[in-house]
Amino acid sequence: MQEIINRAKELLADGTVARVLGWKAGDLPYNPEPAYFENAEALSDFVYNGFCGANLSKYMIEASKLEGKTLVFLKPCDTYSFNQLIKEHRVDREKAYIIGVGCKGKLDIEKIKKAGIKGIESIEGAEISDAAETLKIQTIYGEKEMAYADAMLERCHVCKGKEHQVYDELIGESKETKDAELFAEVERIEAMSPEEKFAFFQNELSKCIRCNACRNACPACNCRKCVFDSTKFDSAQKANVDTFEEKMFHIIRAFHVAGRCTDCGECSRVCPQGIPLHLFNRKFIKDIDELYGEYQAGEDTESKAPLTNFTFDDAEPSIVGKRG
Amino acid sequence: MQRLGVFVCHCGSNIAATVDVAKVAEMALMEPGVVHAEDYQYMCSEAGQAKIAEAIKEKNLTGIVVCSCSPRMHEATFRKAAERAGLNPYMVEIANIREHCSWIHKDMEEATKKAVILMRAAVAKVNLNTPLQPGESRVTKRALVIGGGIAGIQTALDIADAGYEVDIVEKTPSIGGRMSQLDKTFPTLDCSACILTPKMVEASAHEKINIYTYSEVEKVSGFVGDFTVDIRKKARHVDMDKCTGCGVCQEKCPSKKAPSEFNRGLNKRSAIYTPFAQAIPNVPVIDCDNCIKFKTGKCGICAKVCQAGAIDYEQQDEIVTQKYGAIVVATGFDTINLEKYDEYAYSQSPDVITSLELERVMNAAGPTHGHLERLSDGKAPKEIVFIQCVGSRCSDDRGKPYCSKICCMYTAKHAMLIRDKYPDVNVTVFYIDVRTPGKNFDEFYRRAVEQYGVNYIKGQVGKVILQPNGKLLVQGADLLDNRQILKEADMVVLATAIEPNPDVRKIATMLTASIDTNNFLTEAHAKLRPVESPTAGIFLSGVCQGPKDIPETVAQAGAAAVKAIGLLAKDKLLTNPCTAKSDELLCNGCSTCANVCPYGAITYEDKEVNDHGIREVRRLAVVNNALCQGCGACTVACPSGAMDLQGFSNRQIIAEVDAICR
Amino acid sequence: MSIENKEFKPKIVAFCCNWCSYAGADLAGSSRLTYPADVKIIRVPCSCRVNPMFILRAFEKGADGVIMCGCHPGDCHYSTGNYYARRRMTLLFSMLDYIGVENGRTRVEWVSAAEGVKFSDTMNSFVEKIYSLGENVRLGDLRCKR
Amino acid sequence: MSSNKQAEQIKEISGVNPLKCMKCGKCSASCPSYNEMDIKPHQFVSYVVNEDIESLVNSKSLWKCLSCFACVERCPRDVKPGKLIDAARQMVVRQREQDYLSPNEIPELLDPDLPQQLLVSAFRRYRR
Amino acid sequence: MFKIAKENLSALFQLIAEKQELYLPVKAAGQTNFAAWDKDAQVDLDTLKTVKSAKDAFFPQSENLYNVTKKEKKMHIEPGALKEQDFVVFGMRACDVKGVEVLDRVFLADPIDSFYAARREHGTIVAMACHEPEETCFCKVFGIDAAQPASDVAAWMIGEDLYWKALTEKGEALTEAVKELLTDADEAPVEEEKEAVHAIVEKLPYMNLSLEGWNGDALKEKFDSPVWEELYKPCLACGTCTFVCPTCQCYDIKDYTAGESVFRYRCWDSCMYSDFTMMAHGNNRNSQMQRFRQRFMHKLVYYPANNDGMYSCVGCGRCVEKCPSALNIVKVVKAFQDQGGEK
């Protein structure tokens, strides 16, 4: 982490960048927040550890409007989002100085709490330089342990790989974390009967409180004004008066980011109700891969997105019924 | 709030027999905004239209719904009627209660219910209609023809004869194209040059036609009626105005090693050259790659021998910028590269030639001065084998999936001409199918068989083997006799597939004209608009659109000309007002809409906006109304709903959905 | 067609492109080829104008089935519109299937201006399918059901 | 196995769609064993289409094909008659169950007069 | 003081539900939220904090105000029904109970919100003392005793028993109604439990958060502070904090068209949203900084200025747990402290 801070200081000092976008230590062991640092002194609060899950690419939309370059720290998966934003002209590559930071999987505080660990005072083993496989958690109610892998976010278990797609320089090592099949969950649902599928999603979506955290954290959901906030479309929604509205919102949201979603997993990470929202996006990704050829959004900045492209012999919509 | 009128047509008994029209009118009055409703025998009649006009004026209607037949039938009628009464024509909606209701339902109650719902949907929509004004754009009365082959020449002549200025841009030093390389033409066997040259002369002499040879289109911007094109006139190094075309320079040029493009590389030409004797313009160009002066700085013989002083080694490329109202693409074709067909020994023996090369061999101005001889040793061949479909109808990546269309006929022509001139030469044709649809075409082919004794074998050749004695061993199959044939031949002629000129891709991109997987330009409609590109103002002439022979090419060239003339004859273009429109405050500038626009109608501009007090410069989508055809692909691609389609807006369609599901 | 459940009158929305399918529906009409009155057609310029939100909206407001018709692939008046529509609808239908909505409730059919018979056949079979599926209970807003 | 199933199996093993054939005969024109064959290469396709696998399997051609793959290389329609006959052969071999040769047994069986090409094609064919 | 064995709780719930509606923490799809009780509900009294507070019981996320139905050309207006049925909210925590008090001051002040008032009138709160407070809790900062909820009935889960004590008339009535299942109990274990909880509370990291300087008098100073400019930056403008908050009370009024009827309903709104308090001319808070500031100024300055110094934060810590950007009211207060130190 010191290496990152030192490099940030250098780049600030030599005028390469006007500010640094990274994470600031929180007041609890697990709540660092995305933050801007304008000078070397401020960087003393800089932190990069297992809880720095936020995808900073989205913040670069605003940062691109600022004077001068912004030094931004991006994890491998964040760089896909950044590329996608370049493709959509939403960020300015020239305004960003990207340091790709290593990643050994990001932690999910919800998982730690779900394991019954509460009253947390300190957590050891979340440091990025730490090779530890186990988190040592000091709580008011005694010391607890949890395997690092068990506390990881879902997205890290199906990691796309630790290669940065766009960067100016790289700092830090990464560790492979993929230990599950990307589409396993989607396939499990696909195999259900319509009744089971319906019950599954009804159950999950009925938790939705329409707080819009999924949308607002999503780097692909970067509309200046969302259709669900806009009066233009006669589609504005604010609360889920009826269960249909959650479905409408989540289907359309997933559809709008279909072919653009890099599967960064922010939607599921930020959902206060723990709804596995990535299952919508990943379903589209799977369909696109199967029907139109494998496509990874954000792998490049040039290729045509699947929904703005076609071939003459694309599958007919009736394939949906035929696939069973 | 709108003040709406609803007019329910009986259409005699067509509607009224199944739909209770009075009930529909009565129900209409319950709908929001409706202040007037009536039913009448024939709404489209003069009297019916008068009723509409009267109601519009008397009740100050801001919009009307006509419940009648299909809008495809009378929408235009009712729009005009509304316009005459002072209402914007786009404030008219049609509820189709005939084709979609009375004609297909028998039960009156059911049909009436449905008619009421269709009426409600139309009322819900018209409630959200806004008056639309068709835009206007001016038309530059000048056409550009890209390509100076027979297609381009014919198109240019037809447009020019109609009185409009035409520019032809031709890449090579002379117009004439592929047809100028041909010896004879089927099915009449007249001399190609004899029928082409007069047309070339006519084009060059036409006061309305301006020819840019040795030139290429560099950049195209603008849209239908108002294109701006940059043309690069490549440096000829010969002053067009001074040159008299005497030809001394070519004679004296010491560098005579360059393969002649015109003769398909079968012989050599000088570094300063005109491609062929009848070239237009008859002004040579210097091929700098082969010119000693340009390579070493020494020589300069051509300048010395030119009495007109036309040689100019310092000449530079020149860019001409010109405005056009219409552009016709006539870029033609070439034969495919045979690299991947090694089994035919094309690269191994000079006696294996393509049909186009045979044209040059047979031509009096060709490398052999019209004598049929083997290019390897100059001997007269006794046995000639023609192989059909070389690279055509191939589904692998070596060839083309389509039929090149012209090969069957020109092969029959070649076979016949050879048998006619050299009766002692045996001619064998290996074919898969003989395809001869066309006037007098099959008769022509039958003549080759019956009158001239050409040996047609159904089957393909598997391999051509160059033997040590210089002869070619052809191994083929005769599928009808079910035997394998080994035949020794002196010459093998390959009916090589044709493909669009490789430059067409670049040109299509500049024009935003779409192109298919085989690089043929796509027509606006395969059946109904075969000479227009989907991009407005771009027309297609000749083989750039698909394989065709000379008469078809000329016919299409004329058709393209007529389409271009139809456009140029207008002073102004009225644009369809039902075009896409982007809401500046909602636009993300993400380019998704532009990516799906088939017309290249969406561009991006950095614009300052005032978003509720926040002033900033944003990248925003701008729709060119002259180009937009109103398909709506962009509106769905746009995630924020910034892009909307006038006349079929999101809210209008949603209102219809709501009304139907009510 | 035999419909046993006389009580259930489905609401069916059909989006038809102006150039092919709407004309095909007109031809079905002028040929007097019947199909149930449950089908109501909305005219759109092209199948690529159909936003997935329109389809969900129809279900929200109580539709029991939604069908979209466009020009045959390759015949689109706007050259490419139906190719985009085809991808969009394929993905949307797949998603609806995924969340447990009966996939017979949505359909895409390519109907040319000359295919009046195909249009009426399509509508007949679609309506029959909707009758067999019964009322749409998984996708509507309860406030619209009374 | 029904003839229909057999034909399906041949298509599956070979990965060939016989309907793509346009009957040009280039395969027969290319075949070095043409004169030895009773069913000619361009006819293989028809036998599969007509589901007459019995005749194909019992033909001389089955064992006359050298697997030189000239027809496969040159076929303009990607039909690959050589693959079809190869598939038919595999079907026969499979029916005989596991009694085909192991590579270790081959050297003993070699006849110095065997054409090289046959050996190569045999390896190509039976490689696992 | 009464008690009931844990194993008899479902009998208790059944008994309550026979006469009244019963809302309590139910686990569904992995999350615990307040929901109506039924036999199959997976009641979860162990989770300290439900994701959403129990606010919904009195101020639901959306609520129909009236319907307008069109018949031919006439409109019929039908007001939404007020709550008439008695109900019990079981298992609220002390902080959430205090949250209801905050809402009361808004909705029960003149003009009285009849929908809310009806719910308050018919609702009885059975609150449970916290057993193991967590690091995100800071209710004590607002004078709330986690071990002694100020509800109609207070309850303590101690070992295998639930201790029950009515504190109000409503509480007495409910106690009477379920008396058959309760047995008399000694207060001693409860006192012991309280002490233990108090001891834990002292150890919590946010216990010493100081709200000094946060009051109505500080309005201008706080409003103009440059600290906001820095603080808001990570904010994604989602409404998570407001929707999980037990005291946020802002709502929007919207119409829904369903066929021939229009439903006018109200639903929670969030000051984080760009269309919050949107007016015809636009929005009077058009930057996220302003919206962000609004939320905290309201909780810590405007509300106390109008309500005798009472803050509209109860220290439940839900925003601390749920903010996607790890922002929260504690960080805001601390940022101002730091700023003060520098001065």
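Which chain is which? They are A, B, C, D and E, in the order written, and residues in each are numbered from 1.
Assume a contact is a pair of C-beta atoms (placed from the backbone, for glycine too) under 8 Å apart; a residue touches a chain by one contact, two chains touch by 3 or more.
These numbers come from a predicted model, not from an experiment.
*Asks:* Using direct touches as single steps, what is the fewest number of steps from subunit D over to subunit E?
*Replies:* Step count on the best path from subunit D to subunit E: 2.
*Asks:* Suppose you hop from subunit A to any chain it touches, then on again the same way; how many hops at least until you reach subunit D?
*Replies:* When the steps are counted carefully, the minimum from subunit A to subunit D is 2.
*Asks:* Quick one: point me to the chain whose Cα centre is farthest from that of subunit E.
*Replies:* Farthest from subunit E by mean C-alpha position: D.
*Asks:* In angstrom, rounded to a whole number, how far apart do the mean CA points of subunit B and subunit C lie?
*Replies:* 34
*Asks:* Round to the nearest whole Å and give the separation of the Cα centres of subunit C and subunit E.
*Replies:* For subunit C versus subunit E, the centre distance works out to 46 Å.
*Asks:* Which integer distance in Å separates the CA centroid of subunit B from that of subunit E?
*Replies:* That gives a centre separation of 68 Å.
*Asks:* Can you tell me which residues of subunit B touch two or more of the remaining chains?
*Replies:* 596, 637, 650, 654, 658, 661-662
*Asks:* Return the residues of subunit E touching two or more other chains; collapse runs of consecutive numbers into ranges.
*Replies:* Residues 256, 259, 263.
*Asks:* Enumerate the residues of subunit A that touch no fewer than two other chains.
*Replies:* Residues 225, 227, 233, 235, 241, 307-308, 312 of subunit A each touch two or more of the other chains.
*Asks:* Please list each pair of chains that are touching.
*Replies:* Chain pairs that touch: A-B, A-C, A-E, B-C, B-D, B-E, C-E.
*Asks:* Help me check something: in the complex, which residues belonging to subunit E touch subunit B?
*Replies:* Against subunit B, subunit E makes touches at 72-73, 257, 259-260, 282-283, 286-287.
*Asks:* Quick one: in the complex, what on subunit C touches subunit E?
*Replies:* 61-62, 141, 143-144, 146
*Asks:* Would you mind writing out the residues of subunit E in touch with subunit A in their complex?
*Replies:* Residue positions touching the partner: 28-31, 33, 48, 51-52, 61-62, 132-136, 200, 203-206, 230, 233-234, 236-240, 242-244, 252, 254, 256, 263, 265, 267-270, 273-275, 320-322, 324-327, 330-331, 334.
*Asks:* Once bound in the complex, which stretches of subunit C touch subunit B?
*Replies:* Interface residues on subunit C, with respect to subunit B: 11, 13, 18, 22-23, 25-26, 28-30, 32-35, 37, 40-46, 48-54, 57-58, 61-63, 74-75, 77-81, 84, 88, 120, 144.
*Asks:* Mind listing the subunit A positions that touch subunit B in their complex?
*Replies:* 65, 87-90, 222-227, 230, 232-235, 256-257, 304-305, 307-308, 312
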